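In the two assemblies presented below, chain A is common to both, partnered first by chain B and then by chain C.
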Partner chain A sequence: MDTVFAQALINGLLLGGVYAAYSAGFSLIFGVMGVVNLAHGELIMLGAFTSYWLFDFFNLDPYLSAPFAMFFLFVFGYLVQKYIINQVIGQPHIMSYILTFGLHLMVANIAIKMWTQDFRSITTTYSGANAAIWGLNIPYARLVTFIVALFVTWALWFFLMRTETGRAIRATAQDKEVARLMGVDIRNIYAITFGLGAAITGLSGSVMSPFVIISPEMGLEYTIIAFCVVVLGGMGYMPGALVGGLVLGVAQSLAATYLNAGVSVAITFVILFIMLIIRPTGILGKGSVA
Partner chain B sequence: MIEPLLKLEKIDVAYRDVQVLHGVDLEVYPGEIVTVIGPNGAGKSTLLSTIVGFQVPRKGLISFRGKTITNIPPEETVKLGMTTVPEGARVFTDMTVLDNLKMGSYIKSSRVHRKESLEMVFNFFPRLYERMRQKGGTLSGGERQMLAIGRALMSKPSLLLLDEPSLGLAPMLVRKVFETVAAIASTGLTVLLVEQNVHFSLEISKRAYVLENGRIVKHGFSEELMNNDYIKKSYLAL
Partner chain C sequence: MNYRTDRIILIIFLLISTAVAFLPYFVQSEYLLRLITVVIFWIGIAGCWNMMSGYTGYIDFGPVVYFGIGSYVAAIAMTKYMVPFFPSLFLSGLISAVIAFFIGIPTLRLKGAYFAIATFAFAEAMKQISLEFDRTFKVSFFQGSDGITLPISGHDNSFFFYCILPVTFVVMLTHYFIEHSKFGYGLKAINEAETAAEISGVNTTANKLRAYATSAFFLGLYGAIEAYWITYITPSDVFNVQKTVQMVIMTLLGGMGTFLGPIVGATFLTLISESLGTRFVEYYLIMIGGIIIVTILILPSGIIGTLKIRKRLRFI
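The block that comes next holds the complex of A and B.
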């Protein structure tokens, strides 16, 4: 295996890990509530800003501020679902698109008012650092994000499979009427689910903050990528975000290496297009088709 | 005098402009099996979903154990001690049999008794024990119905509401399901059964109501209704 290919593969896997980290929450929210959250990127933005300000004021390392971002985003997500998105549950899907798109605009614009449109970044000692192994470069910060993605996928799976609330979330996702008959307060379950999705998304924004550009308008492109990742992996199928993220990351990286960097973005949509036609249930075929 | 466990007084239910139930009166006393029979579209399922709280009646009063529950949603009525086996069983197909049963004891008051309840359900349905780790979706129709009944028992209800448990089952299984319901009731559980299978449901129940076009047209002891000319002609094809 030549070095160029190996490096492209590693870059792809690490990029894919980043994609997976910030797409898992999108998949969770869609899987349980059928809500395509168009304000998803704003959750990443808020997570990244939480780390940015804690770094700026207290010089707190982003990895140490990640729990704060998670907590803050959980509360934010819980309240957004409880008081806003729950109003349109049970109505046609278009309502949730419009509502979450409105949320995207509101959150982004309030952030612009508060923090201006400036591009910001967090420069830590490890921001640009690489580990060099056998002549291959492995950026530390991305490696950590990759590990976080694996951990988040595992933790989410564990939570859904092994806890009382997780079981209620799965039951609600499958048949909300019967879940209610079992005594599940589905509005509360929805709020917890959105809070959870927001928390892991905020966590990803936080661990990404050492190597991405942070600005109030950063969200939309992440929403688009998350959507692609989740369609690739299978809508609503939890481990799908990991699979979809890795596949997309590797595809983009190989395209950037052997074709050119501009093509790598186009590749995303070509893959998405092909997938929607030949395999709308995702690579593993376990997603749902609305 | 014994107070009824469940009491419906002059219930009117409508979906938008279409009135489905007209002045329905119904009582269920502790320990009885009561059945509501009637043709398709008579409003039987609506009746059950109104009792558990999916529908709010336009008029009338529903009380359970002396407490008014007319406006109480399903996630709350289950906490008061009534549990539903929905039409078509509706087990959680992507969840294991065990997880399905655990969902049945989601409410806090029954969660603490989960272990004993599981034992009891597995005693009733050894088949469910064998298939504990299987997904609900892999079960046969009869097994699903048993799982749905088992799941309902997990909440330790005082009133069990059954919506067409024999629907879509093979004749041999239909008999089995009714025998099971009778066996469960003999443990002291009160049952309200909604059925199209008039023959079996009259056989296992103590009293019955006949619902036609949203109105109770007849009610009385099942034994008497079984010999009633109208019932014989319209429902038993005798």
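The block that comes next holds the complex of A and C.
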């Protein structure tokens, strides 16, 4: 195995970890409510900005500000679901797509108004630092994000499987009418689910902030990647985001190394399209099919 | 079905279209003529989306791909093969429809969010491919991000007005046909209960494919006309997801699956963006976001749809 290939593989896995970290929330929200959240990227943006401002004002390290981002986005997500998206529960799913698209426009453009379109970045002591092992570079910040992705997947699984609220969420996802008859307050569960999805997305935005460019307009491309990741892994299947993220990350990294960066984006969409046609339930075949 | 109101609406529509056709002789201001042309252009494009997604309920998130294909076919035919405008225009529509047919066969089996994402992915894939094709294969065909410059037409705005008006007219007539034909009932049945429709003898696949390919044909025409009008195209422009969004929002605002919906929605939104967009540039997108959210929450069936429900009227 030559060094170029090994480095491409490592880059791909680390990139995949980043993808997985910010796609898990998207998968959760879709799996439970059937909402394709087109404002997903904005949640990442808000998470990253929370860290940015705390770093800017208080010189707080992004890893320490992550809990604040999580809390802030939980509240934000909870309120958005409770007062806006809950209004269209009984209606066709298209309504929720367009509603979240409206949210995307509003949040992104209000952010532009408040914080201007400038590109920002957080420069910490470890921002550009690499660990060099056997001639291969491993950027610390991305490694941490990778670990966060693993942790988020595990924590989410634990929460859904082992807690009472998690059980209510799973019941609502399976059959919301029956869950309601069993005494689950589904509107509240929906709000908690969206809040939870937003919180882990905000967390990912926060831990990504040391190595990504932060701007109010960053959201849409993240939403698109999250789409691809979640479809590859199986929509609504939690560990799928991890699998989908890693597969996509490695595929993109190899394409970018051996062809060029533009082609790797083209490949992403071709894979997504083919995947939907031949295997809409994802690589593991465990996603839900509407 | 109340055919009388429908017929009255059709007659009014025909009268207005005829009146509009003479507008270039009366309108002196080039700006006003251009604005009217843009409104008619968007009515047609929103209509294309409505034809497929409004009636069947299959939410297409990548209709812009056929617009872009139309633009590129026309541009390549005119610059590389020296085909005159009108044959290339026809070719654009045809190729768009053929591609839609072959893409439709696998994608139209998908439902709900999956169909939406697949169409979206196809549109983005085409954009990236047309951007990267030349660099990857070392040829000069799509000309990537450099874009293609079309021969300058030398025509004035009224020429494009007369290109766009008939297409939009035919798109709207197709709507009328859909509303009053077995084909249209089939499409509406797919929206309401696809399995039940299939059991009742509706050939759902053929109906969906027809609607999809027809809408792609017209989108191809619009793409070609716009390419010739603007004379310069790049993949990021013609495959811009913003166009898809416009189509969806206009139709939704007017009322999905109605004849008057695209007309009302496109006119309203184009005039809004023309008046507010120029005066409050910075707040424009925030307001559009707000309008979308308010529309969905207050008028989920759109302006026309809500009117129909409130007044208990049955018209197109």
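Convention: the second predicted complex is superposed on the first by the 290 of 290 C-alpha atoms of A that agree within 3 Å, B and C clash if a C-alpha of one lies under 4 Å from a C-alpha of the other, contacts with A are read in each partner's own complex, and residues count from 1 in each chain.
Please note the rule applied: a residue touches a chain if its C-beta (ideal position, glycine included) is under 8 Å from a C-beta of that chain, and two chains touch if they have at least 3 such contacts.
This is a predicted model, so every value here is computed, not measured.
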Review point. In the superposed arrangement, which partner chain does A:Ile224 touch: chain B (first), chain C (second), both, or neither?
Key: second
Review point. Just chain B (first), just chain C (second), both, or neither: which does A:Leu64 touch?
Key: neither
Practice item. Examine A:Ile147 and indicate which partner it touches, taking first as chain B and second as chain C; both and neither are also allowed. Key: neither
Practice item. Determine, under the contact definition given at the top, whether A:Ile186 touches first (chain B), second (chain C), both, or neither. Key: first
Check your understanding: Is A:Phe269 touching the first partner chain B, the second partner chain C, both, or neither of them?
Key -> second
Check your understanding: Which holds for A:Glu177: it touches chain B only (first), chain C only (second), both, or neither?
Key -> first
Review point. When the two structures are overlaid on chain A, which partner does A:Ala168 contact: first (chain B), second (chain C), both, or neither?
Key: first
Review point. Just chain B (first), just chain C (second), both, or neither: which does A:Ile213 touch?
Key: neither
**Study point:** Common interface positions of chain A, toward chain B and toward chain C
**Key:** none
**Study point:** Touching residues (chain side chain A, partner chain C) in the complex
**Key:** 30, 34, 36, 84, 87-88, 91-95, 97-99, 101-110, 113, 224, 227-228, 231, 235, 259-260, 262-263, 265-266, 269-270, 272-273, 276-277, 280, 289-290
Point to revise | In the complex, chain A residues that touch chain B | key: 164, 167-168, 170-171, 174-175, 177-186
Review point. Can you list the chain B residues touching chain A in their complex?
Key: 52, 54, 73-75, 78-79, 83-84, 86, 90, 92-95, 99, 102-104, 106-107, 111, 151, 155
Practice item. Over in the complex, which chain C residues touch chain A? Could you list them? Key: 57, 59, 61, 106-107, 110-114, 116-118, 120-122, 124-125, 128-129, 131-132, 135-136, 245, 248-249, 252, 282-283, 285-286, 288-293, 296-297, 300
